[in-house]
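Worksheet: the structure to be examined is printed underneath.
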Amino acid sequence: MDEVIVSRAIVERFAQKFAQSMDLDVAIVGGGPSGLVAAYYLAKAGSRVAIFERKLSIGGGMWGGGMLFNEIVIQEEAKRILDEFGISTKKFQDEYYTADSVETASTLCSFACRAGVKVFNGISVEDLMVREGVVIGLVINWTAVEMASLHVDPLVVRAKFVVDATGHPAEVVQVLQRKNPVKIKTPSGSFLGERSLWAEAAELSTVENTGEIFPGLYIAGMAVNATMGGYRMGPIFGGMLLSGEKVAKQIQDRF
Amino acid sequence: MDEVIVSRAIVERFAQKFAQSMDLDVAIVGGGPSGLVAAYYLAKAGSRVAIFERKLSIGGGMWGGGMLFNEIVIQEEAKRILDEFGISTKKFQDEYYTADSVETASTLCSFACRAGVKVFNGISVEDLMVREGVVIGLVINWTAVEMASLHVDPLVVRAKFVVDATGHPAEVVQVLQRKNPVKIKTPSGSFLGERSLWAEAAELSTVENTGEIFPGLYIAGMAVNATMGGYRMGPIFGGMLLSGEKVAKQIQDRF
Amino acid sequence: MDEVIVSRAIVERFAQKFAQSMDLDVAIVGGGPSGLVAAYYLAKAGSRVAIFERKLSIGGGMWGGGMLFNEIVIQEEAKRILDEFGISTKKFQDEYYTADSVETASTLCSFACRAGVKVFNGISVEDLMVREGVVIGLVINWTAVEMASLHVDPLVVRAKFVVDATGHPAEVVQVLQRKNPVKIKTPSGSFLGERSLWAEAAELSTVENTGEIFPGLYIAGMAVNATMGGYRMGPIFGGMLLSGEKVAKQIQDRF
Amino acid sequence: MDEVIVSRAIVERFAQKFAQSMDLDVAIVGGGPSGLVAAYYLAKAGSRVAIFERKLSIGGGMWGGGMLFNEIVIQEEAKRILDEFGISTKKFQDEYYTADSVETASTLCSFACRAGVKVFNGISVEDLMVREGVVIGLVINWTAVEMASLHVDPLVVRAKFVVDATGHPAEVVQVLQRKNPVKIKTPSGSFLGERSLWAEAAELSTVENTGEIFPGLYIAGMAVNATMGGYRMGPIFGGMLLSGEKVAKQIQDRF
Amino acid sequence: MDEVIVSRAIVERFAQKFAQSMDLDVAIVGGGPSGLVAAYYLAKAGSRVAIFERKLSIGGGMWGGGMLFNEIVIQEEAKRILDEFGISTKKFQDEYYTADSVETASTLCSFACRAGVKVFNGISVEDLMVREGVVIGLVINWTAVEMASLHVDPLVVRAKFVVDATGHPAEVVQVLQRKNPVKIKTPSGSFLGERSLWAEAAELSTVENTGEIFPGLYIAGMAVNATMGGYRMGPIFGGMLLSGEKVAKQIQDRF
Amino acid sequence: MDEVIVSRAIVERFAQKFAQSMDLDVAIVGGGPSGLVAAYYLAKAGSRVAIFERKLSIGGGMWGGGMLFNEIVIQEEAKRILDEFGISTKKFQDEYYTADSVETASTLCSFACRAGVKVFNGISVEDLMVREGVVIGLVINWTAVEMASLHVDPLVVRAKFVVDATGHPAEVVQVLQRKNPVKIKTPSGSFLGERSLWAEAAELSTVENTGEIFPGLYIAGMAVNATMGGYRMGPIFGGMLLSGEKVAKQIQDRF
Amino acid sequence: MDEVIVSRAIVERFAQKFAQSMDLDVAIVGGGPSGLVAAYYLAKAGSRVAIFERKLSIGGGMWGGGMLFNEIVIQEEAKRILDEFGISTKKFQDEYYTADSVETASTLCSFACRAGVKVFNGISVEDLMVREGVVIGLVINWTAVEMASLHVDPLVVRAKFVVDATGHPAEVVQVLQRKNPVKIKTPSGSFLGERSLWAEAAELSTVENTGEIFPGLYIAGMAVNATMGGYRMGPIFGGMLLSGEKVAKQIQDRF
Amino acid sequence: MDEVIVSRAIVERFAQKFAQSMDLDVAIVGGGPSGLVAAYYLAKAGSRVAIFERKLSIGGGMWGGGMLFNEIVIQEEAKRILDEFGISTKKFQDEYYTADSVETASTLCSFACRAGVKVFNGISVEDLMVREGVVIGLVINWTAVEMASLHVDPLVVRAKFVVDATGHPAEVVQVLQRKNPVKIKTPSGSFLGERSLWAEAAELSTVENTGEIFPGLYIAGMAVNATMGGYRMGPIFGGMLLSGEKVAKQIQDRF
């Protein structure tokens, strides 16, 4: 057992994986439920997909359930997606199923990785690459650099399509708007912000409005409602899963 | 879709799960690789097992690989455990295999949950219950309460056996020693602290010294080396997995 | 004495109390003097009332008196309310009475609890539920989660009426306005903010403007002046008590 | 309504109350359950008693129940004390009663104030006055001064007896030991620190060891177990109430 | 030597001084050079004057000289004011004199106190009292309360005239504008903010624009330039001293 | 008015003052009451004296009086020192006089400066120069550098005698002990730490034990009690003033 | 070896260097690559040049390479500048060269110093001197003072020309706009902010737009793109070097 | 210009450089003056040398001169080393030369890099590798990971010799002692800590005691005095340079 071989193995394998992921079919920002589901379906269909997640751990806001009670609720129409991942659900009453939030978060991530998705964790998206009105890639940096307030230049990743699956903050849409004089496909042409909680309306509109918000840039999950002025949802995750599935199909149709 | 039903479903399901887990066969503290492996094997063998993890996410120090390069190394003799979980490994050179750290962390957690392990995340172990020289349970609180410096009383969980799988800090062993005038099974009778890095020696001693350090309290993973004055390891995880497997067997033999 | 029974008793009793309070007649946000008085009168009249308070302790800004000198002043017309709670007052000069701030805060809370009010402390109101122009409930989370900057979903509580008794920040009114494109019943249609201190004018307008500011949402106490552009008050509490009493009557009339 | 009269009323009334409380029969440090019960019984028996509490609110660690579930448990033999304060209890099973933590905290404080106890909140005890082997008073300062790290001299309060009811940290006992070369009445002559949780043993020893730990200085509540090396308790409060009652009797017997 | 008498002496003397200062001729906010000079001349002329200073120490930004080099510069026409206070100056070259910044700060304060000015240090001005378009007093609180983020009500002080001598932030002018819909006597009717550094122009305009900016509210020192859009000055203090002298004369003429 | 001349005047005058103060008769560390009184008498007697003070303002803990009530108490025998500085005192009762804390702090500083003392404020003493068992100077740095956690080397000042007048922390004595294997003139040979408050004993011992604690190093004021295990004092300042006077005489006798 | 001589040597030499640099030909703000290159060429051509840098170290954002991988890229046309400084470059592929970021940062700084540039590090530019529409100097302070939140006046430096080479924040341009009602030479007359990353366009526009943005004020390096609404660049440094060279020529032509 | 090529060039070049530096002749920890000089001479003599520096910038404590006055002093015997690097010095008086601290820091670094030293900046040494009583390498991590308090495993670097040039904290020596039960070559066998400032003695002992403190581990620069209980130096750098030169010779002799 030679520690230097261990270190070299890690650096070499990461450098290869990272260099290969600098030219992607799809770059998904955010490793929460909609991002993981989208990545899984795209990878299964053969695309080169990577997820870029700000935190070290993957799973987003799902780990904590509701108010730290680590259970989540899924409505009937989305149950088939959890079934596909082998996640156990329990019926609470008609139309309402519960699942363990830890099991759900880890299993979605596990399946995505095993389907071939490359996950780059501990990495923040600082900016985009935009060329002649089209988003063509991400500008990334270590989250640790940002947390430590160091002044260090970023690197870039090119992608045919970018998906903003960053949830409430819709970070990618916001950086696009803050740094470029562009209009996005909302009624007003700009970011609208999430409205108060209305789970039913939110679930519907999340899925309905999933799609391309600017050439090359898709939105999925709670970033949809945040961008389009939709409603907030709470700890019910059916819409997230369906939105991830839908954005995967939409992008798949572009190839 | 009624939000109040969603809220009630979550509170009710959590309250049941929590109340049922207040009297356990095995309480494992720490959701890193050794804790997850131990929990998985114990649950598969039919024990009532729960993991209590300080953070919201499970997986411990594994997510970040080495220096944020998200790959890990496994030696040949531990590869069969990753194989059992379906985690893909790549040979780097004789005896050395690499795996993706995100895939490994999430898959270990997913398998443990699906084997029946209950995971309580966002929960810190503040103290133990010790009765006539035997550890009989945990004193727990929300990590958020600790982070917010609130003054709130804890609750308790009883267990036939407790496993300290908290890694470098060996939190359970340390609280046992700090709050009680007891001797533990180390050469000096007290906590020794981890020594400098020596991967090979560390890998061996982790597994060898896995076991019961005080009546009712087992140690596994890096907490073994920290407690026994063993060596540090770095981003090589074979010893962790084997230690988790071993502690599961040792406890299983007690029933 | 079995600690696990203690833990189970606490979890079970809280889960029942919490689940029963998810469908309320009146949800009062803020446990300061106006909220406590309102809750007390509503509970005495038979309503199902709960208070949601951000801090662990109840009593709001009253504990510290004026500049940490823990006395408060009450004018003659409000003295009868303190009398009803059995709080001792001393005449300072005509029209001005003083009371001990600690006695007043604790006694108001004690009477409210004993009248049947359910108090949920350590809980923040993150958002509202608004359905077709009517406020129908609260979106809540542990304050500790917010203080620890954790990313955890909230739960909800439904109520026939919501009272914003959060004092200077008027948190409920502000979140309603920030997250929804609505007009409230102020001259300008939006939140106006508190003006400089003028105790006499403030005392009058607090009581006069207590009422429904948006369908389903009432304001009481200092939140009234903050919302309506009224004056600041200082450590004189008559208007607060009278406002709490008034809002209780207004809501009682709606049943 | 003249604001200057309001200000003068507050300053004048506080200055009187404070000056009168500079020479006390009993100074109780800490406004948690044992301190409030002790103060209540002493005041009822005619002593001049004041409580000095570090926080603005009174009630100590009781507000948060167990893990923020705001209920507490009381065993049968202490139920009569809650009955005396008019606090409602519910039987959970034989020997175990629950009470609402908010109702209990506020009602204990309310009764103490109305029995004549003076409460000085927002005040920290920095040090003691010790004269020829006897504690004769407190050295106090605003907690805000300490929190703001300002360099400001303290003032003093003289008392025939001081009670340390500061809970786990046993602040008064610790400052006595840190700043003076004295022995206290523990087996080793010095502060021992609390041991791990064992509710039954803790409940018994809290009451048994309540008493004078150094001439002029009594300990009550959790400060007893912390000082004497007793066990931790958790969210069960019978011992606290009985300890407060006992220390009141012990001191009463000295007059 | 009885410590309780020491404590009572301090509380009693402060309470008297504070109560007497609740109805003033002139309330000066800020204890820097212009505030001290203004207070000194007003007190010498027989007015009841108090200074309210946020910090514990008096002297404002003067202590640190320029870039921590603790010397200041005074131009010839202001030298006579330092002469009146007995502060030694050294000629640097024609028109430019230097003085020790520590000697200047402490001597200005010493002379003001000995002339009868009451100084309340460690006190922040949170707000004003405004009645029918006239400033009639201050709303004050301990700075320590603000620094410790405690929620405590303020007290008030009434004054015939208020002087904002808070320097760059012009805190009193800003709180007047932020909390009230009023116009002040600047070209635009509102606060303009300080411009880049131009010592000569700044020195002239500071003195020229010293005066009543709103009924009952005067500005002096750097608050003049900040309010009127004047220039910044740097470590040259003639204009400050002359502005303090001028505002004292202007107010004196109103009596 | 040329700003560059202003800047040059300040830099040149400071550089001269600083360079001249690098070889002193007496270096006093700490600008509280004892340090100021000592410096004043030494400078009046013709010594080259400088004060080095960590904060920007001079006056130490005196500004805040007792608990922010800005008055102090002086006993009869020390009143003559305040009289010499022209500070007004009021008799409270036999033997007890009060003075305004702001007037006292600023006037002591003003007189010291005008007597020729050089004050270097905003400067921390990081270390000493010790040569063959004798303290021969100070190692100093900007306090701002320390507060900003910058890594910057210090400069030095040589002095025939050093006085530690840093109050409770006795910083100079402590750095001497921490960094050098030496014995100081206390019963145990090392720093003893301050005991609980006993004003009368403290006042006497402060003055009695003022003197040379190590060759070249004197202690004065509260640093005396801290070093010698004496008692704490509270807001009574006679001992401080007398200690400052005594140390000045002791050092004067050495020339 | 006498430490006081060491201290005097440092203070004297710094005071001379600082005083001589208070009247400059060119004041460059920011010690990153464009500032260093500009300073080097101007000093070589005989101008009196100084760099003012906020941090203690010089080199700006170059030290960290891209994402902490300490290499940078240079395109072919800028290679001749690195060659002139003797910095080694390696060809990666046609048009792309890499260099070690540490070697590049330190060597640029070393050459600038040795060419006669005075560097003042640890100094922040708080403001400007503007006289009749022309920038004529800088208002400076220690960065440590700002980091420690001390209230200390600045000093000034006069210069015939000022160069803003502060990179992304364009600090000098921004303070000019924030504190003065002026228009700068951008299409809109005000600061535009940097757009998303586009290396090729950014490299061209950085050089093209280098120049005088307001009478007396030049921009160079990334401050050009930030001010003019140009694109972001990433860890490619050719444009920076060429911009530094160009601004040096432009200013040289003005003499 | 393709940004992805830029990113790949940086990752590839760094990964090569890093992997090649995992097996070194000499690993120097700390990029201050002694580390840079040592590295320069070793690289010139043909060794494979790398410097690991905690900060992003190289130069250590030299940048800030003394008290931010950015000049340093060098004694005559060390001047020849600065001459070899082409750093300009000015004679202050016999034996004392001054140099610009910025020129010195950057030029030492520039020469080291150009002599072939690999510098890894932004990297902290967490631990060592010790095998049978010999130090054989470093355990390293990103400093950003440590600053951000992330839990990420380290990597390792092997070296024939390690030099601790970390200055005052002597980080490598301290981690060796803290984590291993070993004796080092000091009189007591353990780390002694730096004594008070005495420049002359310090300069001599720094050079004299430079050498191997434990098999495989050398100390140089201020780490020598810290480890051996030597004196502190202040802003005089001759000893540092000579110590760096000496350790290079000592190690060279081992090959």
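When the chains are written out, they are named A, B, C, D, E, F, G and H in that same order, and each has its own residue count from 1.
Quick note on the criterion: a residue touches a chain if its C-beta (ideal position, glycine included) is under 8 Å from a C-beta of that chain, and two chains touch if they have at least 3 such contacts.
Bear in mind that the values here come from a model prediction, so they are computed numbers and not experimental data.
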Both-way neighbours, i.e. chains that touch subunit F and touch subunit B: D, H
Candidate from D-E, B-C or E-G with the same interface as A-G, over half of contact pairs in common: E-G
Relative to subunit H, chain with the most remote C-alpha centre: C
Separation of mean Cα positions, subunit F and subunit D [Å, integer]: 39
Euclidean distance of C-alpha centroids - subunit E vs subunit F, Å: 29
Distance from subunit H to subunit A - Cα centre to Cα centre, in angstrom: 44
Whole-Å gap separating subunit C and subunit G, where each centre is the average of the chain's CA atoms: 56
Junction residues of subunit H, two or more chains touched: 3, 6-7, 10-12, 15, 56, 64-69, 122, 129, 142, 144-145, 150-152, 155-156, 197, 234-235
Pairwise chain contacts under the document criterion: A-B, A-C, A-G, A-H, B-C, B-D, B-H, C-D, C-E, D-E, D-F, E-F, E-G, F-G, F-H, G-H
Subunit G - residues contacting subunit E, complex: 127-131, 139-142, 145, 150-156, 175-176, 179-180
Residues of subunit C touching subunit B in the complex: 3-4, 6-8, 10-12, 15, 18-19, 22-23, 56, 122, 129, 137, 142-145, 147-148, 150-152, 155-158
Residue numbers on subunit A that touch subunit C, as the complex places them: 60-61, 64-69, 193-198, 232, 234-235
Subunit C residues within the subunit D interface of the complex: 1-3, 5-7, 9-15, 17, 55-59, 63-73, 75, 86-88, 90, 92-93, 95-96, 98, 100, 102-103, 105-107, 109-110, 113-114, 119-122, 142, 144, 197, 199-200, 203, 234-236
